[in-house]
Amino acid sequence: MAEKEYAYFSGCSLEGTAKEYDESLRAIMKALGVNLVEPDDWSCCGSTPAHTVDHVFAAALAARNLTLVEKMNKDVLTTPCPSCLMAFKKAQFNMSRDEAFKDEVNGLLDEAYNCGVESKSSLQVIYEDIGLDAIAARVTHIMPDLKVAPYYGCILSRPPEIAQFDDPENPVSMDKVLSAAGIQVQDFAFKMECCGAAFGVPKREMVNRLSGKVLEMAIDAGANCIAVACPLCQQNLDLRQEQVNKTTGSNYNIPVIYFTQLIGLAYGLSPKELGMDKVIVSADSITRRITREEYEKIKADEAAAKKPQKAKKDAAAEETNN
Amino acid sequence: MRVGVFICHCGSNIAGTVDVAKVAEEARKMPGVAYATAYMYTCSEPGQKEITDAIERDKLDRIVVAACSPRMHENTFRRTIMKAGLNRYFFEQANIREHVSWIGLDKELNTQKAIEEVRMAVAKVMKNKPLFSSSFKINKRVLVIGGGVAGMQAALDCADGGLEVVMVEKSPSIGGMMARLDKTFPTVDCSICILGPKMVDVAQHDLIKLHAYSEIAEIKGYVGNYQIKIKKKPPYVDWTKCTGCGLCMEKCPTKNAYDHFNFGAAPTRAINIPFPQAIPKKATIDPNHCRQFVKGKCGVCAKVCPTGAINYEMQDEFITEEVGAIITATGYGLMDIERLTEYGGGRYPDVITGIQYERFLNASGPTSGHIIRPSDHEEPKTIVFVACAGSRDKSLGVPYCSNFCCMYIAKQAILTKDHIPDSQSYVFYMDVRSPGKGYDEFTRRAQEEYGAKYIRGRVSRIYPKGKKMVVKGADTLLGTQVEIEADLVVLGTAVVSAPGAAQMAEKLHISYDTFGFYVESHPKLRPVETNTSGVFLAGACQGPKDIPASVGQGSAAAAKVLSLFSKDMLESDPAIAQVNQNTCVGCLKCLKTCPFQAIVEDILRSGKKVAKVIETVCAGCGVCTSTCPCGAIQLQHFTDNQLLAEVNAICQK
Amino acid sequence: MSEVAAKELRIVGFLCNWCSYGGADTAGVGRFKQPTDLRIIRVPCSGRVDPMFVVRALITGADGVLVSGCHPRDCHYTDGNFYARRRLEMLKRLLPFLGIDDKRFHYTWVSASEGAKWQQVVTDFTKQVHALGPMHQK
Amino acid sequence: MDTINLTEKTDWAFIEEVKKESGQNPALCYQCGNCTAGCPYTQYFDYPVSMVMRLLQAGQKETILTSKAIWLCATCETCTTRCPCEVDVAHIMDTLRIIARREGKVSEKDVQLFYDSFLDSMKKHGRIFEMGILMGYKFKSGQFMGDAELGPKVMSKGKISLFPKTIKGADKVAQIFNRFQEKAKKHG
């Protein structure tokens, strides 16, 4: 595996409420032979609050980090958090298209940013750069009881001309990555419906209702676990799940785990290493793991058991014909 | 040389931003100009009379009109000066409207430009030589491409007018899209009942030769003398022996072949006759699905065929037809449902297209007229129709309105009530577009009498919930979001150009717009003609339109052909190449470059080898003239001197 | 030469009758405003444009020459524009040897329905020639 | 609903301002309702997003800037993705928020308070200190008991640090804030 190296921007929430996302991502990247290098002294990307104040101001906060990556003379930056990703992509998109905007943004910065960095979500790096075969190759364990509904959230592949990743209406990248890791995936209709995003603190009840709908649709589809790729979705669906039950009178009890944690489990890494203990609604009951060989053996036994019946059925069919 | 210059006001179109009086004044000073005036509407009756009077009064022998585009009125003014006894090539038209007054803001610069355009025209007209057209025989046969309702109407009108017609239809049977409809709006009469007799007329008309399951391979020649190379695709059934009994269809083991006729609404057999009223009613084998071709062995149909018509060895067959005019009626296509990802197009079986729903409604359709949900074959009670599914949508590259979806959706809502009395239909629309005769009353009936619920707003998303399909749309009149749990969703998908339309246009040398629809000679005044004389258009290939308009254009195109053929001889265009055999050195470079092989080698009595132009074949492109090293071959009316005169008029002032 | 003409440069256009001349008409019908420096000469096909015309125009007083024909494969005469493409590409490379800046000559393909594109072509080329300034001392 | 005298009440300057600042042309919208149909927040808005676009086309500045809708929109980009006229609706909503904040006409105070405490924390530490934001928001909004039940859950799992992690370049980040404030003051 050629040694791949990326500038890695974890983002503020991955140092706090989404620590397990950072831990599991680093673990599987190490397993996949990818080196993550953090830009020295990176700062907050501004996320949603910044762009409600001013677009030049928001782009400047994001561009400050892109300049750091440029100084590392790296041309690709990966970040797991869609909100940071959108801040970087919008800054890059607008600054590279509009000279005046670029000068205005650089006017707020100490060092000018000259649009040399492309930012990619960690999911995109795993899906496109590392590729499904490489992911499948490292699988050592199977979780037979697990049925995961991949939840993309709203801005991972939208708006299309800025995100330029996967299908803006029917994304399949996480589905494919998880199935490549030997995990049973269950598609569901609300995989892109908004979970309430940054309104968690000021508008909790509204977020609870929106997240409630997502949980309901995932459970209706028959999933017993939801995979996410965004710290804010995870917070609204998992941390606030109890609040959802209180607000909407439901009694959901479905674990919400980062897709990186699931892949880590399939690679046989320890739950501790993957921060599984940090998840509020525990997933231990459904992440029972058996080794790949055991799994193949079970599959072989089942097939053998079915063979005699099939033989019996063919024999019966033979008699009726002649 | 006494040149007359006529500057046109064109009402305010020109005079509004060009000082026409000043242009006329400057024109009078130009060398060779004997008379110059400005006139309100030069192309009008009195305007033309002004020119003919001036010719007599001032003994003018060259005329320049500075007005609109020569593509608009060059012929009008040529006829005018012919009436006054001048050769029609002693005329030049300066375009000071489309190229000057309509696009320039500054009146002074516009006037300056108009003066120079007039100076160029005067310089050229003084170099013009009289040209006389010869005439050539016309082959009074018509090629009609496409066997839909427009093509059939054109073919029948031409044949009834006494012309021999060659019809080429791509699919195994004529009938086009209309043959797939159950009922037609606004009269709700059965489509095949009114189309079938016409199809039979086409088949039985002794002047119409039908090539079904065939395609145009190549087109050579020009108006009056086209050579059409037709590829007859192999149906792997000998149609002379096939009686259309359908036995092969019953016995064929492959049951999941794609049914082109039903747009995949249901599978069909590898060998099939598209529909009961097909003309010609012959079987065709689909090599992509037939086991004989895919796996190399089967032969069931060959065994059961009573007349032994099956022949797996058939190959493409090429034949040539000679015709004098071509009517293109190649119809339209429908947007691929998979492009509507937010509606789950192609992913959810209970989200289908209007034409598939029409096939369900049709008694001879795959479900014999029972409306079913493709997922579980149950009868739906709540049906949601979505208008503008892909149309009027810049983000999908279809900014235009597809013309007839509002109408067929209203019709389908009515038919649904007849088929399932306790059903409830909903229609999401932005604007109900029903401008035709009796059209609006028809859409009102769908709501007033048949209880269809019309919701003003677009649908944003469709997703499954349990067995139902949730349609999430808006009702902008209620001012909020609405959701409907539907059993079945029918999308009025956008009309697009027919597949392969661009390639056909290139064979015909006609131009097509960014959406692949063919460009008519003039959107209002010449809708069924193209810029290529001899090639006419009819029906939806020129743009989305409904059956009455398509039939109307079919007859219009036929009328154009009949008038073209009313004369026995066609006047050739005299602006063709001429060789000066003294200066020609016989290098024959022109012969190699001529796109139409209109130049041949000729040996003079003195034994000198020179080039010779075949008058009737030369199309007047002028490539030879710019190839000839010594200027011996000159395209008349666009000779080097004439064009350089224009260049000098601009540059040496 | 009036002051107005001094500001305006002299650009000669050779347009094929079937496509680009029609495209310029469509631009006019659409009232797509354009600079007025261009003077249009109608030819039956871009294949009729002899490279000598372009050189003659540039040497005897034009500041820029624009040739426009049908898109490849759209030519009314099948392959007139193919000849034009080869000849005019050769010409463009030859111009510097004649001491003429090749940015003063441009050839392109515009169909009869592309009015907006024609407006863009004329506006851009006029700006390009104005950037070079007049070629002949008035 | 009182009659709107369009000749007098259409604030043309406002339409131009939004057009210039957002780079979007409101006239492109043909009121098909697709954005309202797809918007997950429609039930919480006082005016659905297509209505906000209509109010913008009609230049109803006061109604828009004092509306709840522009503050409850989460820029989830559904409207922009599905708009058949390719209008960046999410960007227009964002621009309206910016103008409303600039003119001090914020209807949903607590949303702005949350954003402000988020930004204050960033200005102080260079990165956000989640606990600090919560505390700042509680004091400003007076909702002391909000999310109290989450405290123990998050603490026990060590998912929230009690101390900010100020970066070396925190002053540089603060500089960006100051430069912006000065520029904003100059424009007035």
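Points to keep in mind about this one:
Read from first to last, the chains carry the letters A, B, C and D; within each, the first residue is number 1.
Here is the rule we use: contacts are C-beta pairs under 8 Å (C-beta built on N, C-alpha and C of every residue); 3 or more make two chains touch, one makes a residue touch a chain.
Just so you know, these numbers come straight off a predicted model, no measurement behind them.
Counting C-beta pairs in contact across A-B and across B-D shows that the higher total falls to B-D.
Between the Cα centres of subunit C and subunit D there is a gap of 51 Å.
Put simply, the C-alpha centre of subunit A and that of subunit D have 26 angstrom between them. With touch defined as above, subunit C holds no residue shared between interfaces to two or more other chains.
The residues of subunit B that reach two or more other chains are 342, listed in rising order.
Counting only residues that touch two or more partner chains, subunit A has 168-169. Applying the touch definition to all chain combinations yields A-B, A-D, B-C, B-D.
Residues 341-342, 344, 347, 463-466, 470 of subunit B are the ones that touch subunit A when the two sit in their complex. Listing the residues of subunit A that touch subunit D in their complex gives 12-13, 15-19, 41-44, 46-57, 60-61, 64, 107-110, 154-155, 158-160, 168-169, 192-194, 196-199, 201-204, 206, 210, 239-240, 242-243, 277-278, 280.
Interface residues of subunit D facing subunit A in the complex, by the touch rule stated above, are 40-41, 44, 72, 74-78, 80-81, 88, 90, 94-95, 97-98, 101, 108, 110-116, 118-119, 122, 126-128, 130, 133-134, 137, 141, 146-147, 149-150, 153-154, 157-161, 165, 167-170, 172-173, 175-177, 179-180, 183-184. Subunit B contributes residues 342, 388, 392-396, 430, 456-461, 472-476, 479-482 to its touches with subunit D in the complex.
Within the complex formed with subunit B, the residues of subunit C that make contact are 2, 4-5, 8, 10, 12, 17-19, 21-22, 24-25, 27-29, 31-34, 36, 39-45, 47-51, 53, 56-57, 60-62, 70, 73-80, 83, 87, 111-113, 119.
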